[in-house]
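In the two complexes that follow, chain A is the common piece, with chain B as its partner first and chain C second.
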Partner chain A sequence: MKLNTEFMRETFIASLGGVPKTMLITILTLLVSIPIAFAMALSKLENKKVSSKFVTAYVSFIRGTPIVLQILFIYSLLPSTLNHLIKDVFGLSVNVFKMNKIVYAIIVFSLNNIAVLTELFRSALGTVGHGQMEAAMTVGLTKRQAYRRIIIPQALVAALPNLCNTVIGLIKNTSLAFLMAVQEITAISKMKAAAGYYYIEAYLMIALIYIIVCTVVQLLFALIEHQLSAYKKRLAV
Partner chain B sequence: MLFSVKNVSKAFKENQVLKKVDLEVNKGDVVVILGPSGSGKTTLLRCIDFLEKADGGELDFDGIHTDLSHASGKTIEKVRKKSAFVFQNYNLFANKTALQNVTEGLTVGRKVPKAEAIEIAKKALDKVGLSDKYDSYPVQLSGGQQQRVGIARAIAVNPDIILFDEPTSALDPELVGEVLKIMRDLAGEGTTMIEVTHEMKFAQDVATKVVFMDGGVVVEEGTPKEIFTTPKEERTREFLMRILPDFNYSI
Partner chain C sequence: MHPFHPSYVFTVLVQLFPYIGVTLLMMLGTVIFGGAIGILLAKAKIKRRIVPRAIAEVYTYLTRCVPSIIMLFIVYYGVPALLLQFGININNFSKGVFVITAFSILFASNLGEVFRAAYLAVDPGQREAAVCSGLSEFQAFYRIILPQAAVHALPNFSNMLVNLMKEGALAYSIGLIDVMGEGNLLIGRNQGSYTLETYLGMAIIYWALTFVIELIFGRLEKNLSKGKKHATSVA
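The block that comes next holds the complex of A and B.
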């Protein structure tokens, strides 16, 4: 078999055009899901009865269903539901079906990511010993100050390796946004491939782009981890 | 009187750990609480600083009067700002240097300007003999050094009372001395302290009052001389005989 290198070069360049969209979905999803997941993790840890039950149910539901199913569900259900709400309940004349498809992608990935991150943050906060909070209280810090200055900085270091995994998982999952007709990396290459039946070439290029993007993200995380975990080094540097 | 608690009660599930305990502390007192493990001494100390919520009891502390079980957030904050706590396992902030561990309660807890806080913190660390460890993180310090930072963190805020929860129990035997020496110095300077400990020698030499607890009640209290040479209660005698091999009481 001979690979069409000219097509590969073209597809690579065209698909690079999808990188900003992939990153946009990733970053917006993280911005939405990180604060919510953190609040949910805290509510579970602080044992607020009602909300922690809700959080447990939510996390089990999301973790128990494939993300493809969640995408199909939301993408078939949400637009018509929104349409009904806006038109019939609020009486507004907004065309939901013309809304940017990225919004749906961000909603699905956020719903999914919140569940993953809630568990991630919960376990990371759990690695910080109870004594740290007690010491903070006894020196006169409020609970909020203790979290911000003592607990979260330590929990973050514990969370980083898993957070890196999650972000990379999210970047790769955004390829499923093509199911919602979002023009990201995978969608662009697939369309190019379909035009000339050069599927193998296109898939190779998709893989290459994801490898590059994910490697950059991993390096970034390694750098952040090195910076933030300075206090764990046994010998002063 | 500087400080007193009355009728402190605390149960963990079915287990009644404290049964109406009273404790009085005058300014400059070094009160040492002794007792077998499970006697409730650590729980008492933790209830005083609201690390454990007592089921009942009252606290009087330098003009603050409160119910221990229904104290408001504001009251708890006031009590904590006038006191300091030294933990058995140090509990230094792992992500802060020795100096930052000491300044934290000053700059954040008490709104002391940063430059002034650093000045105070350095003095406190010098006092515990750690002038060369300002920028070390807890993980880079030995147990004894960590506990000395813990004590520096406590004295830096100039508290009216310092609560010590078995400050030397987690240390290697050869490191106990360096911590006890600092505590002796503090006692010599008139620092008011309540200490839960197993260091009998320290209790004998330094304490102004020894409190013996067992089974969640104060069995007996008195001067070190009274407790160690003429204990009135049988339970006190049994405890001392177990702990001090050369214990000889006069009848």
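The block that comes next holds the complex of A and C.
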């Protein structure tokens, strides 16, 4: 088997142009889903009757179905629903079908990621002992202050390794955004591959790019973890 | 908007039901072949000999970073071309072979981690006691460690199975006719009408499968760890 190295080099450089888009989808998805997931995790922890049942059903459904299916489902449902809402209910004249496709990608990945992050936050908050909250309340902090200053900083350190896995999973999932006609890493190389029938070369290059991106993300998380867990070392000394 | 026909969801469920077998077979094949590689990986990581361990770590790292769909395409286009060099033509093989190959490569690292964690969860004293009482190294593993490690592995294994099933839905992109593939064909045959109903039907099938997997493994864990609870409560 002879690989076309010239084509591989070209595709690699062209596909690198898709990295910013992949990262944009990843970061915006995280920004949207982290606050919602946190609120959902809290409602589940505090056992509010209605919302906790809703959260359980939502998490179970999202984690029980393939993400391709979620993408196809929402991508076929959302545009016409939005169009209906905007045109007939609000009476605005916005052309939904001309909207940037990246918006749909962010909506789909957020819906998926919220379920994953809810579970993650719930277990992370669970690792912080009950006594911490009680002690904070005794000192006279309000519940909000206690969460912000005592509970969350500790839970964050516990959540980081899992959060790193989640972000890597999210980056891998964005490779499916080509189903929504978003021009990210996979879509660009796929197009180049189809033009010259150099499929193997193109897919090997995509794999290489994902490996590089994931390595950078993991290094970043290792750095953050090192910084945030500094307080533990001070305690040990 | 298209009108929504809830009754068509049931039609979809009935039509897609036979294809659950394909999805399950794909999972079984992956667990068998991926499990074989996974055992080697777990062994290499536990034994701590430098070269095998480094290979296992690099393998785990690389496969963790590659999206399933990319691996699927690399195998689908790459393996036939590679084998053709040696005069072996597998272009007319069933799509299932490529799917199982791709997912075995990917999930071997997950399975390896499951096995390793389960093995390490068993107290080393168990092996030492077994060897002391005259069992051979293999007997100690087979009779003492394996039954205990299997119970520890169950929750992670069930998680991995659910993940495998969900990622397995991607196999439709190289043309495997499983639940996802047949659902897409169904949409094509209906010329795009009943799209939402079909997707909903597929989602219900996958959701139900997840539910069943988790139920079975939950029961299994409860049953198998019975003796353990008894032992600790007596002591």
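Here, the second predicted complex is superposed on the first by the 233 of 237 C-alpha atoms of A that agree within 3 Å, B and C clash if a C-alpha of one lies under 4 Å from a C-alpha of the other, contacts with A are read in each partner's own complex, and residues count from 1 in each chain.
As a convention for this text, contacts are C-beta pairs under 8 Å (C-beta built on N, C-alpha and C of every residue); 3 or more make two chains touch, one makes a residue touch a chain.
This one's a predicted model, so the numbers in the text were calculated from it and none came from an experiment.
Peer 1: What is the contact status of A:232 with respect to chain B (first) and chain C (second): first, second, both, or neither?
Peer 2: first
Peer 1: Using the superposition described at the top, determine whether chain B or chain C touches more residues of chain A.
Peer 2: Ranking chain B and chain C by residues of chain A touched puts C first.
Peer 1: Touching A:168 in the superposition: chain B (first), chain C (second), both, neither?
Peer 2: A:168: touches chain C, not chain B.
Peer 1: Touch check for A:149: first (chain B), second (chain C), both, or neither?
Peer 2: So A:149 only meets chain B here.
Peer 1: When the two structures are overlaid on chain A, which partner does A:6 contact: first (chain B), second (chain C), both, or neither?
Peer 2: In the superposed model, A:6 contacts neither chain B nor chain C.
Peer 1: Please work out whether A:46 is in contact with chain B alone, chain C alone, both, or neither, and reply first, second, both or neither.
Peer 2: In the superposition, A:46 contacts neither chain B nor chain C.
Peer 1: Could you say whether A:134 touches chain B, chain C, both of them, or neither, answering first, second, both or neither?
Peer 2: first
Peer 1: Would you please give the residues of chain A that touch chain B in one complex and also touch chain C in the other complex?
Peer 2: The answer is that chain A has no such residue.
Peer 1: Using the touch rule from the top, collect the residues of chain A that touch chain B in their complex.
Peer 2: 129, 131-132, 134-142, 145, 149-150, 153-154, 157, 230-236
Peer 1: Which of the residues in chain C end up touching chain A in this complex?
Peer 2: 1-2, 62, 64-71, 73-74, 77-78, 81-82, 84-85, 162, 165-170, 172, 180, 195-196, 199-200, 202-203, 206-207, 209-211
Peer 1: Can you name the residues of chain B that touch chain A in the complex?
Peer 2: Interface residues on the chain B side: 49-51, 77, 80-81, 83-85, 87, 89, 91-97, 104-105, 108-110, 135-140, 153, 157.
Peer 1: Can you check the complex and tell me which residues of chain A touch chain C?
Peer 2: Residue list for chain A touching chain C: 1, 60-61, 63-70, 72-73, 76-77, 80-81, 84, 168, 172-173, 175-176, 186, 199-200, 203-204, 206-207, 210-211, 213-215.
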